[in-house]
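You will see two complexes here that share chain A, one where it goes with chain B and one where it goes with chain C.
Up next, the complex of A and B:
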């Protein structure tokens, strides 16, 4: 049998009994193939003649190769489009942000003054606010998410698993404005009337970080509500990776005499660490860019929070609040676009670092299949 | 209902207008976009005007004053609606724009003081208000507030400053009053649609400000006349140029407007703040004109339609069934024909309009 020169389409036809395969690869791209296939079959001896076979092979080969090429080209276009899209977003942002980048340089990052009236712009307060909200959200979400994932994978009765898992996945799909509204009608009064006074009267007596005027709105409420939005994200990915832990590993742990809790803690959790880290990175991205819910709850005040009860401002909510106005002044809009660019860079860096970390922790196996930052 | 339209309409139409505005070129096709405050008035106007002037199509959208000004200048829309006048900076950036006053509005100070009975008359002056908004006065029983209101017993509770988070004309008018009355505010913060607030917490839209003030004990905030009427809010009486404490209402805003229209030093395009400038016992010191920004480089036929619309809006359109009902005070242009004539025939280029005949 001749060594296949081309690709799979070629090998398929050169092997076996010299008949075209029942379903040619990509036959949907080659509508006239059935005609070509019929003519040799109608030869009187029942066996196709050598010349007919040759011509058949040639035509089908060229047709398949052509369709293969078209398909590859389409795929390549898709890939190139993503690259182009990314380059366009980045390029337009940099060009539009240039007046601000040029004027303020690196000091834009740590300058705490943002005063459109005096044409002074600095990102510091918004960066700090963004990290506060993201930090509170993750601190709140990660333990709850991991606990619920463990419960669902190992402890929950079967009849409960399906329902709870579906609910969790549905939670992840609820629009953020709904969570924002929930925050205003439920979380803000709860914080204002109960949690914040209680915090101020206990921890607040010793640490200023927990005291303050109970206002309800602020980084705490915003962080908690974003945390609620992050929980399903982290929990579903963690649960999925817990389920994927090989049965043999679990049984080996039992065989060595572990209790169930020991098995979960010493075997399962370390095994799914990469999955958890990947899901946390996903959650970080979600919390970082969350706009509407934060805008409704954070109190939108450009000052660096010194207490967990303080109000603050995030990059995304500033853009949502003032960008339509910023277009009136080129430097103002440039500064806001530069803020957007910073968000973009942060999420790029975090995603890349997360991916590297995942690769390292997994020692090369399964890379990208779990969580995938 | 009006407030539902205000917010819902704003959100829904914000995207639409960009599309509607860009393609417009036909003769009797006018697109108005900008100030979210003016939006409800523009809605009732456009409906009434299209009914009485078949063949004219007006599309209205609420996109924010900043959008209105910049897009009226570059020709994307026919008329840009704005709560703020054209400051020197803006005038320099958009030299083709002229401003036409179309209604009166104001900004009033609302509050939520624990233990204070509803209907208590509170008085405040600019410097005190500025110190509250700069975080210098932190408690309601501060001596400055007690001195202004000797009959009121204030609780010792923290003042929670509430302001707008989005760029807003209401904020511009409010900070205008603070800038005119407090030197410190003027130097450190100034007036702006979106200033750098030293303290407080910000909310998106006047509805959110009202909600935040109502739900936060100790809060102070500011909104326009429409919201005061809609929610029956108590507002503070502000000290005016002659030392009188005046509460904002259709009557006191109109008193301010009349004083401005009769003041010969007031420019014909009204491109000047009327905050803290006007004398009179009843003059509310924090009232403002709402403006339509029109580019003088509009094509002749469009300009003709725009002039007709402006003439109608400034005369018949000022009826209280349009203005007062949507939270504005009417402009008294009918008895002020010379002013109206100047706007239509001198400020705006093109064929003259006979202001004696109906629109």
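Up next, the complex of A and C:
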């Protein structure tokens, strides 16, 4: 209020390269166009007569109110698009999966048979395969991701932090198909010739869980590659929450005589636990929907894995691989879409949880990325 | 500065500590460094291996010629994929930029209403929808020849709009965030001077947030560029460039899909081509990423000055 008009203009003008708005807000500064909601009656001097001004103001008010109303309704349409899009996703999945839901009911979830010729469908094999791959990926990714986040937030030398953080974030953008191709060219031969025989000869002698015929393809390769993909996501989100720990908390820990490791372990990590859990949940959602890399690496065989070297099948890779054949048969395609619906419901639940945890901590700045690829 | 002093103190050799605490201190620090190395090495290895295995195929003509020979792709390059990816991105942007920016404006303008809260939640949830599901939805909305939908067949238009669906929530979220970063005092100042909300949005908020919105669009493109799964359901692949984007001959080529098909073939020569194409795709993605960073870094620098 106390600020003269030209000062207002200067503030706007200095806002970087955006010059047009600097002049534009001043252009509508005619006295009678005051916003009805904000300031009811200000009577500026220098206008012809009080009554003429009143009537003029009344008409402009009505006009402005009307146009504002239309404008707000028009904006609301943008929100409606999002609602419609969400309804389309959920609606298409439910409607197209309905024949299968109707026929198999809940037993679809734990029925291990998947036989398109005899029209018996059950999700168990694919659910287990999906959770195996996700589990291996997260077991591999979580410790590495959290420790790297600590490295970025606390341990890396100052001159290194900016560069390596950016590197980490950029590597998160490498497309999943590139990971899949890398898996086939590099990880599969490595696993087949070195890792899996070694695993079978050591742990495999005592536990069947680690033995196998060393094919290279399988849940282990798929899980590892998905783990590599998930690390940057979990690490950057964890890092973002770690750097939000207040300076005072850290200093209090030092003042009590703790070493750096004790400060990190006993003070910092507990303080950002919701953020870490949130980032892990986001990583879980990402790993769950991973399609192309898994499709190329898991071996695509509908069997429940009993060993870490076994081949398997995940929901998303089954859909990407066989959906185009399945469309011919209504029940077959419905069963596949019901699998997709299960995946969708799990990701929606997981993402809601992760969002709530992270929103509380970060106040709205949510790191998100599209699952799969 | 007491804070700086505390940090400097921990760097000194800690004389009075028990051996166990000293070791523990060093071990955690060392572990974080090792973990970071383990995290970044494979990611850099991907780029190196793509270059190493694909360098035989890499040349200027690789990106400027169409695939040929038998099996298709054994000779020639990946021009069909590059052109197709470009077409898909343009189509996806045509859908998602207006809708996403519109929704972002709505979320910003009426941010405290109940409907906006629900919209924000759903838009965030759409971010996490797996890409196979987008493929299935795209198939039933655009591609299928039975039931409801547009009946466009496996075509570029179907795939482009499906990718547009994926982009919408990304553009929405970043647009809203960019608008929120416009200082509250600007908006309030304009409103106090009598501007209507429409004028505030048109003359103040959008110009101030335009860099952020641009960043959001590029971020969406980045996310969509490597998507393969939705294309399996809506477009598949084309070894040439189509004359139409709708109907049974409307499929376009796509870089990601091309890598998938080449790597799926039991042919060493095609694997080389696949790795070269993977390198091209990775380089495009990383360059785009770098552009986004420069753009948002520049806009933040301006925002600080203001």
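Just so we're on the same page, the second predicted complex is superposed on the first by the 277 of 373 C-alpha atoms of A that agree within 3 Å, B and C clash if a C-alpha of one lies under 4 Å from a C-alpha of the other, contacts with A are read in each partner's own complex, and residues count from 1 in each chain.
To be clear about the criterion, a contact is a pair of C-beta atoms (placed from the backbone, for glycine too) under 8 Å apart; a residue touches a chain by one contact, two chains touch by 3 or more.
Just so it is clear, the structure is predicted and the values come from calculations on it, not from any experiment.
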If you stack the two complexes on chain A, which partner ends up touching A:215: first (chain B), second (chain C), both, or neither? first
After lining up the shared chain so the two structures overlap, which partner does A:324 touch, if you call chain B first and chain C second: first, second, both or neither? both
Under the stated touch criterion, which partner chain does A:55 make contact with: chain B (first), chain C (second), both, or neither? neither
Tell me the contact category for A:300 with respect to chain B and chain C: first, second, both or neither. first
In this superposed model, does chain C or chain B come into contact with more residues of chain A? C
Return first, second, both or neither, reflecting whether A:111 touches chain B, chain C, both chains, or no partner chain. neither
Contact residues of chain A, present in both the chain B and the chain C interface: 184, 296, 320, 324, 327
Chain A contact footprint on chain B (complex, rising order): 14, 63-67, 69-70, 90, 93, 158, 160, 165-167, 189-204, 208, 211-212, 215-216, 218
The answer for chain A against chain C in the complex is residues 1, 5, 8, 11-12, 14-18, 20-21, 24-26, 28-29, 33-35, 38-39, 64, 67-68, 71-72, 75-79, 81-83, 85-86, 88-89, 92-93, 96, 143-148, 150-152, 154-156, 164, 166-171, 173-182, 184-186, 228, 231-232, 235, 247, 250-251, 254-255, 259-262, 264-265, 282, 285, 288-289, 291-292, 296, 315-316, 319-320, 323-324, 327, 337, 340, 343-344, 347-348, 350-352, 355, 364-366, 368-373
Touching chain A in the complex: which residues of chain C? 2-3, 6, 9-10, 14, 17, 21-22, 24-29, 31-36, 38-40, 42-46, 49-50, 53, 99, 102-107, 109-110, 115-116, 118-119, 121-137, 139-141, 144, 165-166, 168-170, 172-173, 177, 180, 186, 189-200, 202-204, 207-208, 210, 222-223, 225-229, 232-233, 256, 259-260, 263-264, 271, 274-275, 278, 281-282, 285-286, 289-290, 293, 299, 302-303, 305-306
Report the residues of chain A in contact with chain B in the complex, numbered from low to high. 113-118, 184, 188-189, 192, 213, 215-218, 295-296, 299-303, 311, 313, 317, 320-322, 324-328
